[in-house]
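Pasting the structures in now, so scroll down.
Presented sequentially are two complexes of chain A, the first with chain B as partner and the second with chain C.
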Partner chain A sequence: MASAKFEREYGQHLVEQVLKGKMTRRQLLVRASVFGFSLTAAGQLLAACGGDEDGTEASPSAAGMPEPVLGGHLKWIGPAPITEPDPVTIYDQGGIVLVYQFLEYLIDLNNDNSLRPKLAESWTPNDTVDVWTFKLRSGVTFNDGSPFGAEDVVTTMERVLDPDNGSGALSQLNGVLSPGGIKAVDDLTVEFHLDKPFADFPYMVSSGNYNTAILPRTYKGDIIKNPVGTGPFLLDQYVPKQKATFKKNPTYWGKDEQGRQLPYLDTTEYTMVEDNAAQNLQLQSGAQDLQPQTVFQGAQALFQDPNLRVDIYPGTGIREVAFNIEKEPWSGASGKQLRQAVAYCLDRVAINKALYDGRSNLGFDTFWDPTVFAGSPAVPEERAQDYEKAKALLSEAGMADGMKIKLTFAKYLENPQLAQLIQEQCKPAGITVELDQLSYDAYYAGDDDDYYGTTPWLNAAMSITEWGSRPAPGIYAAAMLLPDAVWSSSHWDNKDFVDTFNQYESTADEGTRMELATKLSQLQQDDTPILVPFFITQLRTQKKNVYGVEGPGSFYCDLSRCFIAQA
Partner chain B sequence: MDDHRQTSLGPDPDLRKEAAELGADPEMIELRAEAAASAREGRLPADQDRRDQELQADAAAAAEQKRQRRYLVKALLRSPTFMIGLIILLFWVFMAIFSTSLTQSYTAQDAMSSLKPPSAAHWFGTDDLGRDVFARMMAGARTVLVIAPLATALALLWGSIIGLVAGFWRGLTDDIIMRGIDVLLALPIIITSILILSLFGKGTAIIILTIGILFTPVVSRTVRAAVIGEREREYVLAARLRGERSSFVMAREILPNIMQPIIVEGTVRLGYAVFTAATLAFLGFGLAPPSPDWGLTIATQRVFLQIAPWTVLFPALALASLVVAINLITDGLGRTFSK
Partner chain C sequence: MLRLIGRRLLLMIPTLILVSILIFALAEVFVPGSVGRSILGPYVTEEQVQLLNERLGADRPIVVRYLSWAGGFVTGDWGDSALLKVPVRPLVMEAFWHSLLLAGFALVLIVPASIALGVFAGLRRDSVLDRTITVSSLSMTVIPEFVSGVVLLYVFAVWLKWLPVTALPPDGSPFYTRLYYLILPAIPLMFLELGYIARMARVGTVQVLSMPYIRTAVLKGLPRSRVVFGHVLRNAMVPTVTVIGSQVGWLLGGLVVVEKLFNYPGIGRLMVEAALAHDIPLLEASVLLVAVVYMIANLIADIVVALLNPRIRMGG
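And then the complex of A and B:
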């Protein structure tokens, strides 16, 4: 394996990039972590860059954190799982937040999208970036007593790769890793043989791809009946649509920096309440300690509450406004102009203000956005509302008198508000937007016999789909912008983009990656298969004396280091 | 027809017994039946004087009806409950029709001034998308004032037909219809509406039909009770003795005489229909954004209750005022009718 040599050469390469000013220190840390550098090794690289700028980013709750208190009971609140959770297919916040109290990933994602070893201790690619070798943590046991090993990783990955299991993990892994590509070298070493080189691969087996949590090799699909995992807590009681209680896993492998046994808490109780306003009231009344995900709408009251602390994380979640390029009017030769025309109608600043109190980051219809993904090239054009341009594009496309379009979306979260903003902002350009609001179930319903099936979210002419955070632009692109992406609402198939993307993911050379990213960003923005008006900032609310809640950016919430300080 | 003349009491052999039980003058009934029978056969009435008398009596009855109607209208105009209710209702009807040309645009957004409290520029403040709450509150009257009255009208139409048939025929027909109605009455309105709307999709027409169907059983019960009270009256017996068709007796003889309870029932149902329509919109069935419908607005703005109560307060007040107005009207009508 190339590990030592690779690490030396790649480390040197990263340092050069920073010294040449082509990369920030923060980006160095992120990239080094993706390629399996330990924190110490990455720190040495930073030191080699000179200067005294601190590249690490503290978690918001880390500021002024007191000494951990051992023991205690945490009451937390959020939505109920939509169906009985199965880690292989789970996609909803209520389910994810529950099962990942007792399940773990190979790698965890930090706030700044850098990676942290969890069940994997280290990972390295070969020279061609298409074989990744993972060293697993030794001495870890599942909470039923059976030891954790390479076999569990292989069966877990094969399970999510089997198309018959309908795992959402495929949305990232499709075209990158195929069944049979995972080999157990020995009991604590696993090799991933990829279909094509993929420099962002470690993200795909991290908590950034939430269906890849490691299950025991004997898993039968009954996680609630047999809640077996390696995680810090044990599922004690599960009452559907009401609550779930957890107690400390006494045999958990994790220890903190001072060598104290994790988790700190003894027990937790998760209350299931669907309604956000009701959740917020419970927090304000003091009945609950923590709300892992706070929705912006109505959160103003929480910001004003003197007993609560709302942490703000730079999330990368989006509301994808997709144009289905196989449907009228986006399909024709002038479809691109029409898509751009809609893009120029949007007042992104106003949308951000209306939906997120101005706290989210603006998006400009490309994933390579340095504001949210450190180290991305500058956005080709910071698109702003420009009705003259929109009208010019419309007449260029032979639609000088305007056009009528239909926007399909689920009655879920802030989708209806976003749809109304788009509708109203399109009016002055002569674009009439008909709103087609479906129930959440109806929007995601439908068979998957065909490639895209009949489900509205993958087949409507224009749609809004909510995406949780993804850790890197390449992960987003692989999931929705490639012709073989299973979650592509736009059905976009741009050969230039696909070729460039494959080159981008097949090199570890950061300079080349930067050049290719610039091209990808241009292609995506110019062709505008989807609108990305913003990247949503994440909120988490807790009582002022609750600390150490981790796992932002996705629904996954790690309570192993959470503690309640004396009030 | 021949067997009808075998007994002078016309089509129903039980009629004589029934009439006697009610204490009507059997001789009179017989005479009128005879007159009806001879008129049908083209014979001249036996007594020209009697015919004149009857004509005079009819005219007097018509005059009396007119006088009563005038009296009712006057009494209603003098009833403060009725008048206050009517004024509020007419205000909302006016707003439903004309508000869009009187207020600011109810869809115009100004995200930069979202959730702003009431001011000179926005009398009732702005909502989460920076839209004028006053304009939306006024425009919101439209959906509910289309849905509720049309649904009520449908319920009254179907309910009256069913109630008339069941109450007039009695017997097995009544039993079968009313047991069916009992089953329908056992269904909870909101849950059944949600079921229907999820099955048959959304749209104003479906909502109107759904509420209309679900309110029909209650109306039909009220109408049936009124019909049972009327069907034993002399004028009904007389009409039946004349051999009028049942549908004629129901529609032309009984119906006009039970209009008062039907009108009262209609206003009661109207109030409930407003509530049901608002509830369904609140639950997200049928109406979708950017409709300014009150129920929908309350549902979407509810999350801002703590920080921007005006976004919820005003549509809620509007809804309450409309329901109260309709209840006042119901009250006024009921009191006047019972005088």
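And then the complex of A and C:
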């Protein structure tokens, strides 16, 4: 629970925002979770708002869920880890889903991107939002019997902040948290002293930043040989590129609402299969119970299979179509009009229909979109295909006769189809799109002496890059839209946006945040450094008698409440 | 012949050295990225990658790295996989045995069937049966294995549920169960190879049938079965055996698609993944092992050909 004073003042503030109509009840729940309100406290806030809708969304698995069955063996399937998993460096789905079984984060993400306490029981910022105090859960032990405490959190965070350890979290925390900024106040209290105020900081130590899984202070980089964690399962066997088996952690701290010991399952077996078609066939044959991430392409047969249930989650993953504003034709005075012209060529409904059977959410080139990120203001302009406008913009930019552009992308997932759709939809406006398809490895490769200056994904004039789910619009913006962002394919450098963004992340006042978010959204749309045509809905496939699988996005799969009901 | 076999075996050494240099150079020059980038992924900074490459020794000049690897390899130290952090030797050998089993099983199915069909078609040259066998076997050859594999999986594993959907049985399964699990992945390979080998067998049969000694045998009044088994088959097999020998290497190391589709941990998949990830010790060991098998299979084919037809003098 957050401190009483903060909770009272911030809670009152949230209620006022809802009563004034500036925030929905769902948005209140998400923001309350970011500032560490307990479920009870958030419920009291909702009650104070009046009305009878609770603002929560039942997870698809929860709908009609029978009484949990204790015990059982779950067979699940997904890709193999690219390397031997190391929580400090993992970046791929195969590695992340595996370590998530026996490691935990301070905070977990719910399906709606609200935050759920895990190893942290509460978290609270100071008035200037640059010091966050985390109260840790007591009575938790690692599966080797050693107690969990503040020192483990400090060493975990210092480890990912050390460049020598090669963690991707370092880039995510860039400019927000530096080595030496984490202090153990006592055994169960940790303070994070940030480099600058950052209101979305809790997301950065949640399962949304997957390299921040809490490891014992004695960790030596050998998680497969010594799989020590606080999570619900124990790693039993790991065969590279083939399988991993898990068994219940008998000393796990978690219990369900009825006081039953978690996890429900006794054992699970993860089969590593790279090929999506092969994964789907294994599900259809009945050989597997669960596929944590289902790719849209080829999933039609799964939707139609009477023995399977495909859960649909409001994902936040995107395909970033970036205009490199340092390169022609996007640079210079007329670059903005040209970028906007391409934006108005897109029929986003048709793209969504073609790529995702219409099941994803439309995007309008801004991250602050209330459809996927609760707490965001309305999108300034819901862009639709408008060739007249596109031609006018081209004409304004001195390209009345059209232009030729090159679109670079990896042959991966639905990128080639998206590139073809962009090509087709730009043609009527006189924009000729040359497709530059690279292998996945070539797209992300670069000269090690100057990786960021040579890799196609950050240097092509126009590119498509696939991004997995991010829990908040500010996290996306910090990663790709700021001038010091290390993953900026657009190389956008808009001072107004940067200043507004810093103000946005420096305040806990939701009214101010909403106003600033509106401005950020307008700036992003107006300058159009990137196109965000859609936010990809997540699919998860399981047998119809499998329930309780949790975890938003594609990479996290919490099986602690999973059970197999009687057929 | 023994001297010739010895000479061929000795020739393998410079060939393998050349192969190892080529593989090393190709993996370094044509595969983008570095092992550090493969391990850490695209979301870390250049400095972080360089630190890891330094630690792994991957920042040294290519010649130094090659000599370092080669020095270890010839002394029996195959090194560790940088990606998987396990010793290369057991990893490669396990994958190799998996591939050997699948290739052997496929050959057991393919060779008798394709020879029987080819000889049968050759004996009834230009008949409806000949044309049916030739056209249908060649048609199967052009079906890519990922197409036939998916269709077979859907029909026999998903729909009818007669056969398992994967190629690897549970741990501890008896040998016959392992073979049962290999039936489905072997069929796409059969499709690919059947037409090719059957065609060679047919051509060989047709050629031999036109030889004067066959006419003599028939006119002498020898029973047809003796003519076919005693004279035609023995001589018709020469080109077929050569082709089979050349296919063994592919069956062992080239089954990437089938291994992926049936989730079979063979050496083909291992090689591709190692190449893409710059995992040089793993790549080199896999490729050299397949190269050795390829050369030995060709040598055995040559010996068999010489035994089948004493008129052929190897190297003569």
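Throughout what follows, the second predicted complex is superposed on the first by the 553 of 567 C-alpha atoms of A that agree within 3 Å, B and C clash if a C-alpha of one lies under 4 Å from a C-alpha of the other, contacts with A are read in each partner's own complex, and residues count from 1 in each chain.
Note that in this section a contact is a pair of C-beta atoms (placed from the backbone, for glycine too) under 8 Å apart; a residue touches a chain by one contact, two chains touch by 3 or more.
Values in this document were obtained by computation on a predicted structure and should not be read as measured data.
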| item | value |
| --- | --- |
| Partner contacting more residues of chain A (chain B vs chain C) | C |
| Which superposed partner A:Ala277 touches (first chain B, second chain C, both, neither) | both |
| Which superposed partner A:Arg8 touches (first chain B, second chain C, both, neither) | neither |
| Chain B versus chain C as contact partner of A:Gln297, first or second or both or neither | first |
| Touching partner for A:Gly168 - first (chain B), second (chain C), both, neither | second |
| Which of chain B and chain C A:Lys220 touches, first, second, both or neither | neither |
| Partner chain in contact with A:Ala354 - chain B first, chain C second, else both or neither | first |
| Which of chain B and chain C A:Ala445 touches, first, second, both or neither | second |
| Overlapping contact positions on chain A, where the chain C interface meets the chain B interface | 277 |
| Contacting residues of chain C [partner chain A, same complex] | 31-34, 36-53, 59, 83-86, 91, 150, 153-154, 157-158, 161, 164-166, 168, 260-263, 265, 269-270, 273, 276-277 |
| Chain A residues touching chain C - in the complex, by the definition given at the top | 82-84, 89, 91-92, 163-164, 166-168, 170-172, 224, 240-242, 271-275, 277-278, 281-282, 284-287, 441-442, 444-446, 448-452, 455, 457, 486-487 |
| Chain A-facing residues of chain B, complex | 107-109, 111-112, 114-115, 128-130, 198, 284, 288-290, 300, 302-307 |
| Interfacial residue positions of chain A with respect to chain B in the complex | 276-277, 280, 295, 297-298, 300-301, 304, 347, 350-351, 353-354, 411, 416-417, 419-421, 423-425, 435, 437, 439 |
